[in-house]
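Read from first to last, the chains carry the letters A, B and C; within each, the first residue is number 1.
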Amino acid sequence: MGRSNWLRGGALIAALAASSIAGPAIAAETLTMWVRASAANAAPHLVDLWNSGHADKIALTVIPDNQMVSKLATGVKAGEVPDVISFDLIYMPDFMRAGFLTDITDQMKADPNFAKVAPAFTNLATYKDRIYGTGFTPDVSILIYNKDLFRKAGLDPDKPPKTLDQIHEDAKKIRALGSDIYGFYFSGACPGCNIFTTSPMMVAAGAKILPRNGDEEPLDGPGVKQVLQLFRDMWTEGLIPKSAQADNGANFTANFKSGKVGIQGAGGFLISDLKKDAPNLDFGVAFLPGAKEGQASAFVGGDVVAIPKGSKHADIALQFIKWELTDEAQLEGLAKNNILPSRVDLADNKYFQSEPRFVTTAKAVGIGYVPWVFHFNDMVNSDSSPWIQMIEAAVFDGKVDESIAAAKAKMKDIASD
Amino acid sequence: MSALVDLGPNASAAATPRRRPHPAARVSPLLGALCVGVIAIMLFPLLMCFSASIKTAQEASAVPPHYWPAALSVENYLKVFRYQAGLPVYLANSFAVAALTIALCVGLGTPAAYGLARFPVPAKELVFLVLLSGLMIPYQALLTPLYIMAASLGLANTYLGLAIVHTVVQLPFSIYLLRNSFEETPRELEEAGIVDGCNSVQLLRWIFLPAAAPALITVTLFAFITSWNEFLAALIFMNKETAFTVPIMLVGVRQGHFGAVDWGALQAGVIVSILPCLAIYLLLQRYYVSGFLSGAIK
Amino acid sequence: MNPSRSGYVGLLYAAPALLFVAVFVLYPLAQLFVTSLTNSSLLGGGEFIGWRNYLRAYRDATFWQALVFTCKYTLIITPILMILGYGLALLTLSANRLGKLTRAVVFLPVVIGLGSSSFLWFWLFDEQVGLVNKLLQDVHLIAHPIVWFVDANLGLAAVIASIVWKVVGFGMILFIAALQAIDAEVNEAALIDGASYWRRILHIALPLTSRAILLTTLVSAIGSMLAFDQFYVMTAGGPESQTFTSLYWIYQNSFIYFKLGYGATLSVILMAIILSGSTLQLLLMRRGRGT
């Protein structure tokens, strides 16, 4: 008996010794992470970089954009949530209020990199003074213009329009170039495209778009009417293609890519897309302008990262979040691949030096806004939202004042729910 | 595809091969031209889809468009093939779920249809209505409670869980088809079997199933099609990329920012997802025709 | 029917399916009904509010507009599908090779998914990258490209075209089966009497396949009342919410506005409407056949 005890003990010691030589014998975990389809190109850069340097791996699952909310919500109800999740930042308030996300305030506050993240993200990820996430794969809206068409129209290709009126003037000159060349484009039936690219012009000209609750006034300020009137005028003058009226986003960038449009609002994502799909197109980027020179704004969008409540590996998920804010992740994962970093201190980095258009885009994050509201879907993104109905009625039917008033009433109604 | 199901009241005619002129059988050049016209109209969209799928991605989104590609390219198909977990993974998942759906529809539908067709079941019409109720219910409305139920049973993210939802959608039609087929089976066959001393199970196995072969094939085909193409339940029930089915991949591969659509990838995806359905259809068609002809001949 | 066969044995055969339906259809349906009495949100929470949702539905202008639109869609597309389906069945009834090929080609779109098909037609009708406009211009039917989805009626026409293309083969197959089940002797007798082709269709084919016609019409109509995917993909409910169908509006409320309780209410109402419509049609069918 005693002998077998010794043997057993000896075997145990040998095993322990072997494992300590071989390294920690803790099993490596695999975390599940859900990301949106439109971030499916950006997110893998970060995730692959993490996977190449860590024992614990992250497996990405791509969810179609407009199903992300319902997927997470039903997942929470059924107790089936991923370990980490990245989604459209605009849903943070709803998710935070619903209690879907894990409070990471203490760990984030102690992290030096977290303090350098763009205020837009930090504000959006805060609810009742607690922090629930941070920026992951940001994007921001900018004005994009076709330099070739500018040259042909006799405009200076290095002087993008800096006011709403200049957009109008430049568009007119470009339209005169030919029957299939248009001065301006926007997706007339796409609520998301317009909150991303049109609302910043309103904000720049002085307006507040969405209300936080039933007491705040929606669509407040002269900017709303000025921009809608600009679009209406450009539409009646034929500076915008007829197909824009029915475009629900499917052709958001197709026209500009074909070289037939002079100016339009777009996002940082389009810069890499254009370089890949239309390498011969000479284009420039600028801030989305307001009514006067010096007024500019942007919509800070893209995806945030958070940990759902019920995540089975919340500790590792937290490590991942802290890691993705480090220099290495932000520069090698994001900037190197032409994706904007969440940290403002890295806006002007070595990778962007070779492409000044990215520097402009990154700077736009600093001057940009993002609304902190509940019911964003209701008010903006849905196919029947007051936001898109206002744009459609104002621009295509000419009912500028009526449509603004109607949208205000509806949004107030929704916000007081 | 000679006939799907015998809906007419004259059951006996269905069993005999047709040799006499049919009220509507005609051969004439006008009808021939009409057929060709119909074929052209029906094929046009698919031809254009295929044509766009072999264009370069840029050409597929060209404004204005052209019918045929200027340059051939497989980049759209490569994009579909390489998307996320890779096409083979999605195909395998879709096949697995479809196979389970077929098994459930046939396994549940056949006995139910047999019972309703050949037995004096009390409140038969009510039972039939209950079984067919799924036709009138928008299954999307049931997805949330079904998913919560599935999760509590440990069926979330499983083939079986999703197959159950697909069966909910497809079972009513399956039972309907099979019941009609069993009802139309000639009494003489059944009586012959009884005379031989068969009990109800043996009757089902040796007399009714062979007679209903066309209907069974049809049920299989439609169960496959429904399951193969279903998107919403697949997305809700599956939680890992490696468990996703083909329809989810199709939505992802074509999606860009703000709803921008990659038309080339879309077309390639459509073609890729049609091919298995087509293959099954062509495969079953052959069995189907011979099944009908040899069906219930004494 | 063998008199010594017990009805309860039949019930036993039906038991597995009944159990399945009870657990996976009726129980969630009951839950849906309970949810309709609450203000449950997709994001969680919700309390019992009794019939308030139903009152709200009564006053919901968009819901009724969507219902009217859905009925309009059903009333337009069902006859088209039935007539074309029957016509194609007659056309391809003969066993010759061209007929068989036509049958196979017409049935082909049935095997495509509804989402894929809708996206395919969305692409075809797109004013910018679509080929329908190009085709219409090439055959000189129109002079300038039409923006299909800006107008509710044009958008509806585009959706109807896409669904007819996709689904007509299904009706065709069902009608072919019904036609082939007609006893050849009846046709023989009519031929001997010298009846013309169309008289034979009118007086023999149609009456003898009436049950199939009515049932197929019913199934098709129910499917149209539950239309969603095609409008979601092609028109996005636009322009200005004019092409929302009932199910689309339910989807909006449940998953976009997060109002699961209200969405459940609208689902219950929609199902009740479909159920009454179907029952009515079935009763009329019974009465018409004198049974």
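Here, a residue touches a chain if its C-beta (ideal position, glycine included) is under 8 Å from a C-beta of that chain, and two chains touch if they have at least 3 such contacts.
Small disclaimer: the values here were computed from a predicted structure and weren't measured.
J.: Between A-B and B-C, which chain pair is linked by the larger number of C-beta contacts?
T.: By number of C-beta pairs in contact, B-C is the larger.
J.: Among the chains, which is located farthest from chain C on the basis of C-alpha centroids?
T.: Looking at centroid distances, A is the chain farthest away.
J.: Between chain A and chain B, what is the separation of their C-alpha centroids in Å?
T.: The mean C-alpha positions of chain A and chain B differ by 40 Å.
J.: Can you work out the whole-Å distance between the CA centroids of chain B and chain C?
T.: Chain centres of chain B and chain C, defined by C-alpha means, are spaced 16 Å apart.
J.: Provide the list of chain B residues touching at least two other chains, using ranges where the numbers run on.
T.: Residues 61-63, 144, 251, 261 of chain B touch two or more partner chains.
J.: Where in chain C do residues touch two or more other chains at once?
T.: 128-129
J.: If a residue has to touch 2 or more other chains to count, which residues of chain A qualify?
T.: Correct list: 70, 74, 77, 248, 250-251, 254-255.
J.: Provide the residue numbers of chain A that touch chain B in the complex, in ascending order.
T.: Residues of chain A touching chain B: 32, 37-38, 40, 59-65, 67, 70-71, 74-75, 77-80, 82, 139, 187, 190, 192-193, 196, 248-255, 257-258, 260, 267, 269-270, 273, 277-278.
J.: Show me the residue ranges of chain B that touch chain A in the complex, using the header's touch definition.
T.: So the residues of chain B touching chain A come out as 57-58, 61-63, 84, 143-144, 147-148, 150-152, 156-157, 235-236, 239-242, 244, 248, 251-252, 255-261.
J.: Okay, in this complex, where on chain A does chain C touch?
T.: So the residues of chain A in touch with chain C come to 69-70, 73-74, 76-77, 94-95, 97-100, 189, 241-243, 245-248, 250-251, 254-255, 375, 377-378, 381-384, 389, 392-393, 396.
J.: Chain C touches which residues of chain B in the complex?
T.: 1-14, 18-27, 31-32, 34-36, 38-39, 41-43, 45-46, 48-49, 52, 60-67, 104, 107-109, 111-112, 114-116, 118-122, 124, 127, 130-131, 133-138, 140-142, 144-146, 149, 164-165, 167-168, 171, 175, 184, 190, 194, 200, 225, 228-231, 247, 250-251, 254, 261, 263, 266-267, 269-270, 273-274, 277-278, 280-281, 285
J.: Okay, in this complex, where on chain C does chain B touch?
T.: 1-2, 5-14, 16-18, 20-21, 24-29, 31-32, 35, 88, 90-96, 98-116, 119-121, 123-124, 128-131, 134, 165, 173-174, 176-188, 190-191, 197, 200-201, 204-205, 208-209, 211-212, 215, 219, 222, 226, 228, 247, 250-251, 254, 260, 263-264, 267, 270-271, 274-275, 278
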